[in-house]
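Here you go, one structure.
Chain lettering (A, B, C, D, E and F) follows the sequence in which the chains are written, and residue indices restart at 1 in each chain.
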Amino acid sequence: MSSSISEQLQTLGIKKHRPSGRDNDQMREVKITRNFTKHAEGSVLVEFGETKVLCTATVERGVPRFLRGSGQGWVTAEYGMLPRSTTTRNAREAAKGKQGGRTVEIQRLIGRSLRAALDLNKLGENTITLDCDVLQADGGTRTASITGAFVALQDAINVLKQDKNGAMKGDPIKQAIAAVSVGIFEGEAVLDLDYAEDSKAETDMNVIMTSKGGFIEVQGTAEGAPYTQEELNAMLDLARKGISEIVELQQEALAE
Amino acid sequence: MSSSISEQLQTLGIKKHRPSGRDNDQMREVKITRNFTKHAEGSVLVEFGETKVLCTATVERGVPRFLRGSGQGWVTAEYGMLPRSTTTRNAREAAKGKQGGRTVEIQRLIGRSLRAALDLNKLGENTITLDCDVLQADGGTRTASITGAFVALQDAINVLKQDKNGAMKGDPIKQAIAAVSVGIFEGEAVLDLDYAEDSKAETDMNVIMTSKGGFIEVQGTAEGAPYTQEELNAMLDLARKGISEIVELQQEALAE
Amino acid sequence: MSSSISEQLQTLGIKKHRPSGRDNDQMREVKITRNFTKHAEGSVLVEFGETKVLCTATVERGVPRFLRGSGQGWVTAEYGMLPRSTTTRNAREAAKGKQGGRTVEIQRLIGRSLRAALDLNKLGENTITLDCDVLQADGGTRTASITGAFVALQDAINVLKQDKNGAMKGDPIKQAIAAVSVGIFEGEAVLDLDYAEDSKAETDMNVIMTSKGGFIEVQGTAEGAPYTQEELNAMLDLARKGISEIVELQQEALAE
Amino acid sequence: MSSSISEQLQTLGIKKHRPSGRDNDQMREVKITRNFTKHAEGSVLVEFGETKVLCTATVERGVPRFLRGSGQGWVTAEYGMLPRSTTTRNAREAAKGKQGGRTVEIQRLIGRSLRAALDLNKLGENTITLDCDVLQADGGTRTASITGAFVALQDAINVLKQDKNGAMKGDPIKQAIAAVSVGIFEGEAVLDLDYAEDSKAETDMNVIMTSKGGFIEVQGTAEGAPYTQEELNAMLDLARKGISEIVELQQEALAE
Amino acid sequence: MSSSISEQLQTLGIKKHRPSGRDNDQMREVKITRNFTKHAEGSVLVEFGETKVLCTATVERGVPRFLRGSGQGWVTAEYGMLPRSTTTRNAREAAKGKQGGRTVEIQRLIGRSLRAALDLNKLGENTITLDCDVLQADGGTRTASITGAFVALQDAINVLKQDKNGAMKGDPIKQAIAAVSVGIFEGEAVLDLDYAEDSKAETDMNVIMTSKGGFIEVQGTAEGAPYTQEELNAMLDLARKGISEIVELQQEALAE
Amino acid sequence: MSSSISEQLQTLGIKKHRPSGRDNDQMREVKITRNFTKHAEGSVLVEFGETKVLCTATVERGVPRFLRGSGQGWVTAEYGMLPRSTTTRNAREAAKGKQGGRTVEIQRLIGRSLRAALDLNKLGENTITLDCDVLQADGGTRTASITGAFVALQDAINVLKQDKNGAMKGDPIKQAIAAVSVGIFEGEAVLDLDYAEDSKAETDMNVIMTSKGGFIEVQGTAEGAPYTQEELNAMLDLARKGISEIVELQQEALAE
């Protein structure tokens, strides 16, 4: 807290900008473990460094009322943090009787992003629910969630493909998607912020992209000073690099 | 619905891309009426064309628990739509017993943006609550809300300045802010989407900027196909143009 | 607050009982503006002096479960105050997650009164919802709501009449209704109390009547001392006078 | 249901207007049993014919926040119906997670009426809560509740009088109060409606009066046709008669 | 509180272990009053000494969704305490908007126990709801509730038997059940704890048995020191004795 | 489902009663992994075969209001199942806005049991919250939760011991506790039921014991036929055996 690794390194003349000692364009180690639990059609533990999220995909026949009879499927997401996934305990939302604003905001983002990965018409009248539950938080839980949820979604789609009564009309996956956070930390653009950076960053941006480099969602918030077009571009360049690495890891995991 | 004004005009050889006949870089008429109601410290009716939002600013002594004793102030926002501000009636959130996800997402955005306009230390231990209630909706309610709320906030700050016991330490306004929506509609970047465009746009982006052109928040979502860096840049250029016009109208209203 | 207009006038030998200087049997200026917003089937801004309420009427096909198949329609009402419609801010009911007792009581009164204006059998299996949202409060919001809601209801019925598939069986409006508050203020019966009177009145009474002078609802509460039969009669006489004036204004507005 | 007692009597040439065979100005048998349960400071079972309500009064030191330090006391009421107090079962409000509109309306009426019986300044900073729980319903539960609650309140005040640390400043009871329902049933004014009448009455009116004949609250609702001034007066005359009888029974019960 | 009956008796050389002076294996007086209220199919006031619970059974056609079409019936229970059934007032759960954990735990126990009394297949697609509302509490409300609810259930079954359209397939009652509490109080096993014992007992155990002595449910909790197998056996022996007495009283009540 | 492992084995003449092929007195493999996540004072993954529960212990200064100033500490528990920890997805309780009855019942049991392990006076005015979140369910989640929570509690106590300002007065751990389920499955008493057994068992019993063999809680429910004293004893014998094995594994884990 007082004297970070990066400060100590700088004192030693070894210039490292980030608390973790990572280069500005360096991701944390990303791990993707499929079949982490046994009941769900897709179950993925995704780790971005110390951030660990369990993403499960559940397939259910039928769709919400507003889609019934349309022949179209639906994808939705729910997000939660275990009460002690964080440094200090957060009150359990089930006990409080309501999901907080941050939770609602994040699960809407996850659902929206995953829907962009699919052709919902090809999905047929099936609903896939992605549950992203944070076991341990260290920054970037929403981008890790989207990254892991895509792999769980792919596994669930594969289960549906085996199902003769599954109502799918061809492969609904239009494009692979992944997500990463970028930001301005102590005046420099950095990739994949951990909590130590995230809590002090001047700008915090979440980027969701397709495997081909198109933008699905960009959300950039100035926490301190406003950011410039140049800073925005620098962050997007880092995001593009990070996402291409993540997409590769997703494909490797799915190939196993 | 079938044959829009723009299509009819195009048939007549008068090329207009947008349903409203506006140019791609043309704002709707923006009106800002101060002192719309009498009780609040700031009360502004903001109109972006047919979108009408009543923004009030309330000053209260004291701050939420997490800031007590810090000498710092707080700004928060709440958003609501009157049940029949929309084409079909939306169930009243107070009757449902909970604010919907969209409401929560929007009011967090408004609060975050307005906090960026202020130096909360200079505000002293006062809380300003911005209530943005949509009387009539036609697209762009969140950006209209932020635009109007800034004016109401300025009025409330002026009231606080007159108050000898108000605990302020100098003028807390760091920078004027305003917001506008941009998007990709039928393949082209357009400024200030109305509902007819918004409901069909391929990409929908909300941009909040300072009067000096810095970004406070950028939120861009691909509703259909992913968008490219070029499209992102085109949208941001339009936003910059729109916001400079809106900032001028804010200043004029405040000068009255 | 300390020395009211009426006290100053009395000091000057000009005897005026009421804070506003009105005669005891004098209404505030009542204004009724139709088509205040554009989406609703009926949309009326009603003003009783500084009290301003937006009343919208929404027509929806179908009826609540308990009436399905009965051939009968339904009318219901919801009431809300914008958080800063009042001198100090009231917490938003949607954020609190529940409507307060006063809100519930008022919206039941509005719904009951408006149902009394209609022959629900002639309405057919349609539901009309009256939303009364207070933009600015200065006493008498419930009686202003009923008065404005009747006009919005009439507009909505007119829309239904144009609708060939609307299921109505003749004109469902049985009788025009209007409402006004009366009370005992500083020992005298007064008509149409504003907030300055309402907050100090010994007795507060809301009267809803038909255009022909029949009672729909009388609710009279002693806030201080009990009231006598004579005082009750005096208040009802004032109410009768006020309502006949209001009914005339409603008819004028509907004739435009 | 098909052929009521009154119809049978009329067939026999014995003219009785009411289903119960009562005269129009005849109360049901009213019973007041004190000390019905043992823990509460006041505990009264009140019966109006087959309507049975348990009214308890609880004394607690201290007052709600808005009265702290004022030296003034508070009286509040809560109302509930046991799920099977009625002909068909009503869902338990505790299980539904919310009190219905009717419940809220009634408990506000009870609280308001009982506060009118007291000089809250003399009560000192004590809070008395009146719980009115309907064991069996047959019309008139709210007026029975007020009638029984007054007796429970008197008992609770007597307990407080014995308490040397009770903070009371003299006897806070200003006036005895009681309540009764009246209405227009098949064209005639009747006293103390039971369920058979209440469910079909053209007008339903609840009257709360002091033992000296002053009005505390009058609430009269036209369920069918509007009512006239003459009908209103006829109902109030019946209410006056009924209340004088009830007040006597209250005093007898308290004298035991 | 300071010097209990049992202490006084012991001082007098009359050795009595329990505050009430009862023998360790002695029940309080148990009273069972059928038809306590008039609307329900079964309505029983059960008293275990000063503990008084009103148990009603409501028969409704149809079953919850998960049983529709199964031909099987359902039995469920709800439990509540009147706010002032206890020494100090408990907040009304309907007003708090949620049933407490203790309530939920108890009503699940009651429902589970009563279902064990029936062959749900023979019940046919009917639902019986048992409402157990505590009018006065003095320990043992859950076991009194089960005991009284069985009698109300039997009455409701008898009503169903008379109903030609009732869908029952023979007598669904498999076995009579009753319940009693036992515990370790000041080192000795005692039967049917009242509040004075319950609040200080080292172990508190609720036992639900059939009339033939089979266990339906045993729930024993160490409040202080752990209990031994010997203590467990001693408590179960007392429960067996108590239940055989209660079953007899149930049968007597049903025979009336 | 149709032909279980045990049935197949029996067909082959290899007599195995249980679906899993375990002996009646055989536990599933129990694993206890400490420090499973990094933020909590105690973090234990406990596995009973395929049942996996993450138990964290959080230490916070201060106690609930009812204990303030008493010098005594508090231990409480919360329980949750991840939505897809089960065969089919359970709706997320945070999204439903309320914890279900089963959840409430279980977390009360966990809290009560863990409090029995401690001398709350020695704990000082600290609160320890045990969060038991089921990652994967296969029967016995509540007994696994208690078993794991005790280890997490011990770790949290050890952290508190290091804390000079921690307010503890000696070691608050009075006794180690552990829990196991037993039941009657197809007529025989079995130890540590998995889901295949649990869902069909005639009797289901949860037993919480101290390391020295005292009972903390016994909860035994007849799901089908009532159970006898002999069956009860047989189940308790199995529980005793299982718990002694579990306690050993807890101690081994704590010794690492």
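In the analysis below, a contact is a pair of C-beta atoms (placed from the backbone, for glycine too) under 8 Å apart; a residue touches a chain by one contact, two chains touch by 3 or more.
In this text the structure is predicted, and so the values were computed from the model without any measurement.
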item: Option in A-B, B-C or C-D whose residue-number contact pairs overlap D-E by over half; value: B-C
item: Cα-centroid distance, chain E relative to chain F, in whole angstrom; value: 28
item: Distance from chain F to chain A - Cα centre to Cα centre, in angstrom; value: 33
item: Distance from the mean Cα position of chain E to that of chain B, given in whole angstrom; value: 60
item: Chain D, residues touching no fewer than two other chains; value: 97-98
item: Cyclic ordering of chains (reference chain A, direction chain B); value: A, B, C, D, E, F
item: Sites on chain A touched by chain B in the complex; value: 98, 101-102, 104-105, 107-108, 112, 116, 175, 209-210, 212, 214-222, 225-229, 232, 236
item: Chain F-touching residues of chain A, taken from the complex the two chains share; value: 37-40, 43, 50, 52, 54, 56, 58, 60, 78, 80, 82-87, 89, 92-99, 103, 129, 131, 133, 135-137
